[in-house]
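Heads up, the next two complexes both have chain A, just with different partners, chain B and then chain C.
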Partner chain A sequence: MSRSTVTAKPPAPGLVPDTRGRRLPRTLHPVAWWIWALALATAVSRTNNPLLLFLVLAVLGYVISMRRTEAPWARGFAYYLYLALTVVAIRVVFRAVFATGITPRDHFLFSLPHIPTPDWYAGIQLGGPVSLEALLSAATDGLRLACMLCCVGAANTLANPKRALRVLPGALYELGVAVTVSISVAPQLVQSVQRVRRARRLRAGRHKGLRALRGIVVPVLEDALERSLRLAAAMDSRGYGRAGTATRRSRRMTGALMLLGMCGLCAGAYGLLDATAPQLLGLPALAAGAALCVAGLRLGGRRVTRTTYRADPWLFPEWAVAGCGVLSAALLFSGAGFDAAELNPSIYPLSWPTLPPVPAAAILLAGAAGFLAPPPTASRVPAQRTEETT
Partner chain B sequence: MTAHLARVATALGLAAAALAVTTSPAGAAPQPMGQCTTSSGVVLAVDFSHWGGPVYRSCGTTPTTGYELLNQGGWATTGTGHDGPAFICRIGYSGYQGGKQYPTPQQDDCVLTPPASAYWSYWHAGPGADTWEYSQLGAMLYKPEPGSVDLWIFGGTDIEGTRGRPTVTPGQLRAHNDRPTGGGQPAPEDSRSAPALPPGTDTGPAPKRPTPTPSAPVSPSPSTSASPSPSATATPTPSASTAAPTPRTRVLDAAPAADAEHDAGSYLPAVATGALVLLVGGAAVYAARRRRRTE
Partner chain C sequence: MITFDRVSVQYEDTAAPVLRDVDLTVDEGELCLVVGHTGVGKSTLLGAVNGLVPHFTGGTLYGRVTVDGRDTAEHPPRELADVVGVVGQDPLDGFVTDTVEEELAYAMEQLAVPPATMRKRVEETLDLLGLADLRHRALHELSGGQQQRVAIGSVLTAHPRVLVLDEPTSALDPTAAEEVLAAVTRLVHDLGVTVLLAEHRLERVVQYADRVIHLPGDGLVVCGPPAEVFRTSSIAPPIVELGRAAGWDPLPLSIRDARRAAKGVRERLARTTPPPVRPSAPQERPRLLRARGVTVSYRGVPAVREVGLDLHAGEITALMGRNGSGKSSLLWALQGSGPRTAGAVTVASPADGSQHDPGKLPAARARELVGLVPQTPIDLLYLETVKHELDQADAESAPGPGGPSARAILDRLAPGIPDATHPRDLSEGQKLALVLAIQLAAAPQVLLLDEPTRGLDYRAKSNLIRIVDDLAAEGRAVVISTHDVEFVARAAERVVVMAEGDVVADGPTAEVIVASPVFAPQTAKILAPLPYLTVDQVTAALPDSGTAS
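What follows is the complex of A and B.
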């Protein structure tokens, strides 16, 4: 009981490099960025207020321009923005085509040709008058989805997708290849587009329209597939996807536990979201599923031994970045200090949205990650070059 | 990015221009309850008993739609962000709790379609009918016939129709007088002058012609379990101006009232947000410039 705890000794003064008061550049733990971004996306899912959504976009832009590295996947945020714009545009077009009704109080903008539907199908209208209110509410609805998309894009831009794999539990090693390919597919596609476009420019490719599209899409798909295969081969040579010393019986046991646990999680989520489902399907099923999954991971992880070379540390900046993201989501969900109606301002009738101070402050707080994270390593030789020479 | 900003600016400009235009008044014709008879006018009833309130009923002229009835004479509705105004998510009456709309934003944020366990369900009873019929059309498409009753109740329903049926009967709500009462001129039919809808508006299927036999089905059998309140006597008393209340639900007449004043709010929060976004964006651009310089 009287054992004294040994505190970590600070490094000897001679070993600390002189940084002239600036923090040492290093890359933040990728999981910290993912927690931050997913928490922000959760916060965004709560609100429909265009002012708050634009604030989220600004904060994302600030953090990315402050803390992105020079890696190839870190240059792709603009592509996520294009994707977000497409989402908004699709939402607006759908609302205009599948008319949701216009009232005399709405502001009439234009009229699309109306396609009459039979009486027994009168619930759905095609075409007809389009009001400003309808387009604005579709745009804000799309903007919310676009913001969530940009949050995930920010995580992909800021975090190194391959280092994120290291924190995978041992039992998931068998799934490791699939997981890596799935979380790195977006960054890989972005890189491929960039490389193909650069190659086209070098060869003075000046095609426009469909021909240019064919010239980009085919090489991009081919490139992405090749890189995925290369990644899978590299992981295979490092021992991923091996059963290790596990016996057939323990592997089957692990598989059964995981499968049952996943089914429990699905049923639990369904029970929680559908209010008419029986009570037993909600939290109990969720808890049972989680317990089964943990047991499966434990059992599977016991047989896998692995070593890590230069593990990513989890220090104060990691806590700070993940914490400010989670705190902003918690503030938006708590509803403390603001009216829940302000998060979802009404468009019918048209009125200016308000800017509730607490949610706005919460979103700005998430932006603190821009200076809480250590500065990225400014590599003289960009990682892009070294990778391309391989 | 500049195109994006330009588009946003255009959208905001449009919104600002639209806010500056004075909104035209809602021109449907709400009537005092006495103007509704067994063969003219539509009775609109809304059940606030989920929040401890009464069942309000009011009268409107035909032709009309379920949506128009709910948006005249002090009534107001809110749609959802996902489905637009046609999906009735909130209902408020200016004479009840100061026009507060229910469910409140704390109970339902009205962004997505409400769940089937808690929403405003829409019921019809044709002239003389004694049972409620679940509406097969939305409020904007349904055209009630003269002498019918429209009822909105809050709660959950299931597909079999066993749950969530109204506890009030049509007989408690409908008008039983043959001619308009309560003084004033009898409201002539079709005298309403609503503002013209924009061209090409689909106003749904034509309304059914009223059946001229309002007294035909007068044998309600309580054992068929269609109406769960067999105690309510559906005997028509032509002189009664208010419905016979059951112990559970109070039925009050909602007099036509002025619409609640709409406040378009202030544009200052939008300007403040614009300044904030510019500030944060400026910091981002500055950081990017400095990074490019040091490289």
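What follows is the complex of A and C.
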């Protein structure tokens, strides 16, 4: 049945300008969100101050509530929060059980039964008195880790992971395709397993043991194999892998450059985050690694002839969001205008931590992303399944 | 546009070549229908057009295939992507991305079409195929017809000159199939795209074809206008069979033409009473299965709503309805393996006549009462050879001393399947027979078949009808869920139609399907208001057929 094409229809709810009518809703470039979130995570790594850390969580919460979409991945932040809570809890519990770092002047809260350990295990103590200081330091440590986790979670919530994969440079395009295909194939595989399991009952096949496993695994694998062959044929006939003629030499060159570059990046990141590492390992290694990676990707991408449909633009809001994240990290790293000790307040003696104004302002600055980013497009997927009109 | 010059295709594992010395020219803007039984090389012929044969499938191709002046020997499929678009049977298999818009753009991205052009073509294609309001939807939540239209759109955006469709409607219900075929014919008429279409259910497409390529099965190819090729071809839709039987010339291919030609036949038939479609069944028919208030819901969403159903010995029932109307859920609930939220099912035990609920019995006992062949029969097969499967079936069912072995049943259903064959290498019809034999080894009195006609050609369907008739004659109750109205008209005596989980019609085949515009078979449409369903009925009523005009 031919369907009458809709000629005039009211604009979809997501496509109308926001309430104040100033900015068109659109999705921000995913890389901008990732830069913002990673910069914030880097900033977090510098501080142990629970007030600052809670401020970071508040900023994340604000930005997410302002700018997340209705998509499935955008509902995942709560799970990151649970994960963060678990991290804190595990840290505190471990610190209590493996009672370490206790000084005689601590405030003791309670005592766990002491479990004697054999001589060859003497370094570690199980049980014993638990002090407030130990728990507090474990909690702030855990909180810092949790904050970094939440930063990554925020990036995942705010940026469409598939669009993030699409910005991969040409040389890594295949990787992106592989991930996308496997994401869409995974549910099919689950369905296939369920179908075959259900069918087993029809033959009154056994439900347990190796034979039952074979009865399920063999049809599922055969099905998956046939399906992947059909997918490969479909992709081939739709032009995938066209004109991909890299010489052996250029492929090797790309590989070597990438490997070296990655090593440089890792060393640089380690040097930058660990204050005790030698200076040379920090920014210089990072820069060299990045340069090598870029060169490798350029070389690999030269053979690829492909265009992108509706590529995300990189405009002022992208600069602004990425910039405010980087600026806040830079402020915390520079140490200008505040005492570095305030970032990591000591718990000996126990005292209420102070809120240093410059770092607090820096973190609030990152929160500006909440209104610098364009408003998200509202859900364009109608809630009910549209029925075919014939 | 497409030229086959003395083309032969030979695969390593077969003795005879699949195609032999094929000379063929398809002109621009033609809708060319490829017909033939399963396994005669339809897919090979279609695959050769864009070079999948032999670049992807292996084998050797002799001769030359040129498309739009390009030789497939020098151009692998990906280099032909801008000339030939290929759409397969199951659209989900070919999807690379997961939303409609991205899928439409995928081929263009590979061809490095500039972004502005891409944007324009996507919008045009969305309008052309009526997909505009689905553009942001995820592919897996679309209906089958919508998915297939997206699959067609996703190759159209590359602006190919040739479209190759390999059984695009085999997984669809009649309405969705109409929707896809309407889109295809519009492409031919409005854009002048050359279309090569393979299809089992010819009754749906024969009227649209400009030319028919018939593969009789010996590797050769017969090509010509439909009215000529179908005069002699071994495979033909009911409308053609009726035309042949009545001796109409030229052979009508659309219902409209046939109705005009059939005026005389209708007048002659009006004086006779139609003979029965199927041999009349014995009068005494004990009730084998009784279902009351059967409800199935998945996470609170009802798929089957309080359905009551009685199945009697020797009765063949067709279960029809849209995709997603609850047919499969009902069958699984009746068998007892699927979930059943509410309601009662009782089945009479063949041994002592006592009543049991198969849902409460262990699986091994349940399958002795009710056998079910699922939609994908291959799910039940997991051993390396047919012999292993059959032995395993015997071990699983342990029939009484008098019960026939699975092998004996299989030989009766589909003779000549060798022991050593791998089950995956069997044809669709043979797989079905094998699974049927495995299920029948447990000697159930009630047999449920979930969409067995999917992927079967006319010959395999006739075989299935014979099998089902035999089963009914043995006093079993058979339920077949299917979309195939022509099959129902020939095979079933009772039709149950479901919609949104409810039974909306239940009665003798003639009464239920003749009146329906969607479900009526071609013969009924041509001869309405006379209650004829099949060509066989007409030939029986017209002893001197051939003289009418």
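Structure notes:
The rule we apply is simple: the second predicted complex is superposed on the first by the 239 of 390 C-alpha atoms of A that agree within 3 Å, B and C clash if a C-alpha of one lies under 4 Å from a C-alpha of the other, contacts with A are read in each partner's own complex, and residues count from 1 in each chain.
Note that in this section a residue touches a chain if its C-beta (ideal position, glycine included) is under 8 Å from a C-beta of that chain, and two chains touch if they have at least 3 such contacts.
Worth saying up front: this structure is predicted, and the values here are computed from it rather than measured.
Applying the stated contact rule after C-alpha superposition, one finds that A:156 touches neither chain B nor chain C. In the superposed pair of complexes, A:311 makes contact with chain C only, with no contact to chain B. In the superposition on chain A, contact of A:27 is made with neither chain B nor chain C. When the shared chain is aligned, chain C comes close enough to touch A:222, but chain B does not. Within chain A, not a single residue is touched by chain B in the first complex and by chain C in the second. Residues 50, 52, 55-56, 76-82, 84-86, 88, 90, 92-98, 101-102, 105-115, 118-119, 122, 127, 130, 132-134, 136-137, 140-141, 143, 145-146, 154-155, 158, 175, 178-179, 182-183, 186, 332, 335, 337-338, 362-364, 366-367, 371-372, 374, 376, 378-383, 393, 396-397, 424, 438-439, 442 of chain C are the ones that touch chain A when the two sit in their complex. Looking at the complex, you find that chain B touches chain A at residues 1, 4, 8, 11, 14-15, 18-19, 21, 23-24, 26-27, 67, 71, 78-79, 81-87, 105-106, 109-111, 115-118, 137-138, 140-141, 156, 158, 194-202, 204-205, 262-267, 269-270, 272-273, 276-277, 280-281, 283-285, 287-288, 291, 294-295.
By the touch criterion stated above, chain A contacts chain C in their complex at residues 1-3, 5-6, 162, 177, 180-181, 183-184, 187-188, 195-196, 198-205, 214-216, 218-219, 222-223, 227, 230-242, 305-311, 380-381, 385-386, 388, 390.
Interface residues of chain A facing chain B in the complex, by the touch rule stated above, are 48, 51, 54-55, 57-59, 61-62, 64-66, 78, 81, 85, 95, 99-108, 111-114, 116, 119, 122-123, 125, 127-129, 131-134, 136-137, 139-141, 274-276, 335, 339-341, 343-344, 346-355, 360, 364, 367, 370, 378.
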